[in-house]
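Heads up, the next two complexes both have subunit A, just with different partners, subunit B and then subunit C.
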Partner chain A sequence: MIRHLFTLIWNRKRANFLLVTEIFFAFVVLFVLGSLLVDNYRKYTAPLGYTYEHVWQIDLDPNGQPISRQDATFERLIQLLKAVSGVRSVAATRSNTPFSFSDSSTDFKAGSKSTNSDIYIVGDDMQDVLSLQLAEGRWFNRHDEVAAHPPLVISQEARQALFAKGPALGKTVRGLDNQDFQVVGVLATSYRGRGEFQELEPAIFLRSAKLVGSADTTSFDQPRLLIRVQPTATAELEQRLTKEIAAVTGGWKSTVITLPEQRTIRMKFALAPMGGMVLVCGFLIFNVALGLFGVLWYNISQRRAEIGLRRAIGATGSRISGQFLGEILVVTTFGLAFGLLVAAQFPLLGVMNIRLPVYLASMALATALVYVLTAICALYPSLLAARIRPAVALREE
Partner chain B sequence: MENMLAPAAHRAGDTVRPQAGPPVLQLRNIEKVYQTKTIETVALHQVNLTIGKGEFVSIMGPSGCGKSTLLSIMGLLDEPTSGEIELDGRPVQSYSDRELAALRNHKIGFVFQSYHLINDLSVLDNVELPLLYRPGVSGRERRERAYAALEKVGLGARTNHFPGQLSGGQRQRVAIARALAGRPELILADEPTGNLDSVMGEEIMDLLLHLNRQEGTTIVMVTHDEQQALKTQRLIRFFDGSQVS
Partner chain C sequence: MLLSYLKIAWKVLLRRKFFTFISLFGISFTLMILLVVYALYDHTVGPHTPEKKVDRLLFINRATVSYKNDNGTNNGTVSYSFLERYVRPLRTPEKISISTYFSSTAAYVGTQKLDVDLKYTDGQFWQVLDFDFVEGRPYTPSEVQSGAHVAVLNERTCRAYFGTISGVLGKTIETDRVRYQVIGVVKDIPGMRFNSYADMWAPLSTSTLDAKEPGYFGNCMAIVQARTPADIPAVQAEFNRVVDQVPVPDPKKHAKVYVYAGTLLSSTVRWFNNNSTPDDGVAALTGKVALLTLLFMLLPALNLINVNVSRMLERSSEIGVRKAFGATSGTLIRQFLVENVFLTLLGGVLGLVLASVVLHLIDSSGFIPYTTLTLNPRIFAGGLLLSLLFGVLSGVYPAYKMSKLQAVQALKGGRN
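Our next item is the complex of A and B:
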């Protein structure tokens, strides 16, 4: 029967051309959308490398204070905040805090290997604030101030890019104006400062005691603090912190936002385009489904005599519906064959810079969806075909 | 394979008429009423009919007298409003759709006025069609039986043609080959020469007569052609849904 179906569809290839084309485009749309969604899902389920719950971000504006006094003010502020009840740890950082829309990257080189990596300039307490886990070595401490080379902590991706399977601890890395740094620690996982939808890219942490007051400080690189608060912390603590900051800094402005809030904003920016694409594709697929449904219904009404004949020569009603369902699945197979040929070019040509397993999963997903879609569209017309009374159909011309 | 459409001089044995054997099909008190909200139409009224094995029966009557309805009921394509049908001695009223389909497939072959060939299938694929619905028949056996049936009707050289490439007479012969491929006990032909000119009509009639006389195939044929009807063993006349002779 399968051979019969293929013969029938092949012999009707001109009549089925538009159906095959429609299915081909539906597949390509689903494949591209699926690749993006699967890739984003893969990123979403990968570890962030830190915890953001109960972490608050404090943006600081020196409000015109002379640069020469900012470092001392900042240090005083950190000490004060550490002493505030409800605050567990405080760490200084730059503008590229987790889920922010700011990023900074530079090239690093270790021997013959090099990589472009996100760079995070952070204070000594950042490990506590973000609950960073180390696989090798240690985090920064105040003894690093007198080290021969500034220390670095690198993520797993940076380790892989710079040292592959070789040792990393104690190795010297060159970067940032040909300055040499020494690796003192390796994170247990990745670190994705731009949130869940960031690719797994190299990340490198650089210790900096002096976070403000340096010559290169610009309005785009205002000092920031990340603080880990007690889980019971409320808005009352936020108000208290704002007052304390204003008092100890002599008028610095501050804004507090929690990392979960920051994450929500980031997620909205990432999910909105995806949602839009899903809506547009959904609309397209719905139209394809309507078209398929109409064409199949029309086909069946045109083939009533054939249905009558098949019933007369021994087909049951269920065989008739199976026949029409089978036919559309064969047509779908032809459309998918062309679609898969096109889809195979994406990983070969690196069209969307997505990993091969994601493409393969998307192909499987889009194939299954198209089969389900066409089967659903064919189901009702096929059932109608099975109900056609042969004695009546055979008399029609 | 012997070509059944050989000239008449080669068919001297055609005069042998098989005697009617045990009943293949029996209809008892068949009534068929079509009912709408406002109108009740009696298509068949108290039809009693027995078709013996090896018989060639023709059914005649004016248009709308119920001939085609009768043929549909005989072919288990339609259910009577009341009455009993026995095929090969077995009452079929309580049969399920699946059982009726199997009976049609094994026991009955159909030939229609408008051929009902599938234009997108080759002649051979068309003839194979009934065997597709018969479990246990391999692809090879289907091919062989289809070839054999086509040889019988003189179309052994047209297997790869498509219906659109054949004349009306050839198409009807393909339809007859399709009916023969399943080796049925009964062939029901609904005006098989109705769409053909007189020469082609004669050819088809000769073929059916030959199948009946030489192969012993039981045939019931609805026709408007008195001359053709007279060539069959028994002529049944219908008028207004009732058998009149």
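Our next item is the complex of A and C:
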């Protein structure tokens, strides 16, 4: 039966060529979209590494205060904010705060292994502010000021990249300007400052020694703070903070943004293109389905004589519709075979920088979807075919 | 002749409504999506208020300082002092304007806080760009020189602060504890025009910027106006010569300073790519976009071809008769192409209508702040061109197949 179907299709290969191409492209579209969505889903469900509820970000603008005096002012400000009721902890940070559109990375070396890692320069209280969980060692503290090598806390990905299975605590790592650092802690998970849709990449924390960049004229970092507030905090606290900051610093300007707000913006930027793509691809597939339906319907009305003859010599209605369904599934298989051949090139050539299991999952997904789609499109026309009455069909001939 | 082709096409369209629906749905939605994308592009870098003379403008906004031994780069927006030192003295441009990027300030209406995006500019800013003034006038270079505390507001801020947009000239607005006298009100500028966008514009001399500060990085930009569009390369060449002479901040650490003057398109692409190479990446982007567009149109085109081939077979007796009476293949191909282009143009008109609906939806959803996406003649022409392309792309193969039909077989009503 199946061999017979293949022969039927093969005999009409010129006429079926267009259908095969259409199914092929539909598969490729679904495959590429599927890969992106599955990959993003994988990232979305991976741990973020920190909590963002009740964390506020304060951007500060020294408003023309000389750089030499900013450090002392900043230190005074941090001490003051810690004492404000409603504020739980305060830590200095650089511009690459969670969900911001700013990032910085650099190379680190440990023995023969090296990795490019995101780098976060943070204050001593950051563990509490972001509720970071440590698997080994400890977080930074005051005593690190006098350490021989500046301390580092590394994420699980960074640990994997630099030390694999070996011990990490106490090891020295060479980084920025060939300076040596010592690992004092390892996070329990990854740390993804760019939000839920960031790849799981190494992250390394440095203790912020000098709060504001020194006399280096190319540095343009502004002082910035992350604070964890009590869950009961309201906009009233925000207003109070802005006033206090202006008073204690002698006119620094400040802007308060909450991390959940920042996350919403980041999400919007990540989801808008994805939503657009899903809409566009949805339209393409719907378009293909409509076309397929029309062509199949037309083909069947063209083959009334053949159907009438088969019915006259004893084929049942279900055998007829089975034949048409089978034919279209064979055509689909041809299209899918080409499509899978192309899809296999993606992991081989590393086109989209996505891992193999994701590709395999989306191949399976796209294959199933295309089969279901063509079956649905063929269902109504083949039912129509089954209902053709032999006497009527044959008389037309 | 053409008229009778169109009449036939119309009759064919009415014959099988479902097929017509499939064709028109595919065409109109494809064009709608392409038109919306094009409208977004046009909205970002096309000649719109205030950058109306976009073909004569160059933008200088980002600097890159590279480290020695390929040790990475520092990227950022340029400082005021850098622009005053290296851009202001340029000889080839007609006009040069220096301004900061907008930054958020706080004004208070009663106890309610109002976010005001404030941009400091020089007087030339208003000559280089063409704002639509609802009331009043811009400030002049001499007012900037004298440090006058005057400001131009956009309609939204004006309404939010004063409750009205008429009769506000001469009134005072206070933001971040500085008082300005309002001398002009302009229409809202979309946020995507980030080189000119702000809620309030004030003279550079009222800011804390220092023209003698040594750093290269800051929060500023320059807009350079050439005398004619043909003068653009000369301005760029002069600026490149100047940048080549710029000393690095720290000769021990740094290798070179890169700053480019690009058109609105090229500086926007550079900005998003964080690019610091001489090639602005526009050519590569155009190539990619063209390829994607073609790929995107391929599937609906294939679909249309499929449907067209089916419909054509339905008309085999008509073709047989015409062939028997001596019509050549060329005539038949022409007829079918005309019919198909007619169909796609019809779809194109539908697509334009759909696109205007979608653009209106995007505008009113507030997803992108202050957008006023509308169909303009450029987009209309783009849509027409795309439907023609689509019509030819999807009509050639069925027309060829149709002309190849054997007259005898066609008359019998058989298939190939």
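We take it that the second predicted complex is superposed on the first by the 390 of 397 C-alpha atoms of A that agree within 3 Å, B and C clash if a C-alpha of one lies under 4 Å from a C-alpha of the other, contacts with A are read in each partner's own complex, and residues count from 1 in each chain.
Operating definition for what follows: a residue touches a chain if its C-beta (ideal position, glycine included) is under 8 Å from a C-beta of that chain, and two chains touch if they have at least 3 such contacts.
Keep in mind that this is a model prediction, so the values were computed, not measured.
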A:72 contacts which: subunit B (first), subunit C (second), both, neither?
neither
Touching partner for A:280 - first (subunit B), second (subunit C), both, neither:
second
Looking at A:21, would you say it contacts subunit B, subunit C, both, or neither? Reply first, second, both or neither.
second
Determine, under the contact definition given at the top, whether A:356 touches first (subunit B), second (subunit C), both, or neither.
neither
Check whether A:389 is in contact with subunit B, with subunit C, with both or with neither, and answer first, second, both or neither.
first
In the overlay, answer first, second, both or neither for which of subunit B and subunit C A:272 touches.
second
Looking at subunit A, which of its residues have contacts with both subunit B and subunit C?
none
Residue numbers on subunit A that touch subunit B, as the complex places them:
1, 3-4, 7-8, 11-12, 305-306, 308-319, 389-391, 394-395, 397
Which bits of subunit A are touching subunit C when the two form their complex?
14, 18-19, 21-22, 25-26, 29, 63-64, 106, 216-218, 220, 253, 255, 268, 272, 280, 283-284, 287-288, 290-295, 298-299, 302
In the complex with subunit A, residue positions of subunit C that touch it:
18-19, 22, 25-26, 29-30, 33, 65, 72, 74, 76, 104, 176, 208, 214-218, 249-250, 254, 296, 298-300, 302-307, 309-311, 313-314, 367, 415-416
Could you pull out which subunit B residues touch subunit A in their complex?
68-69, 72, 75, 77-78, 97-98, 101-102, 104-106, 110, 112, 114, 116, 118, 120-121, 125, 129-130, 132-134, 139, 178, 182
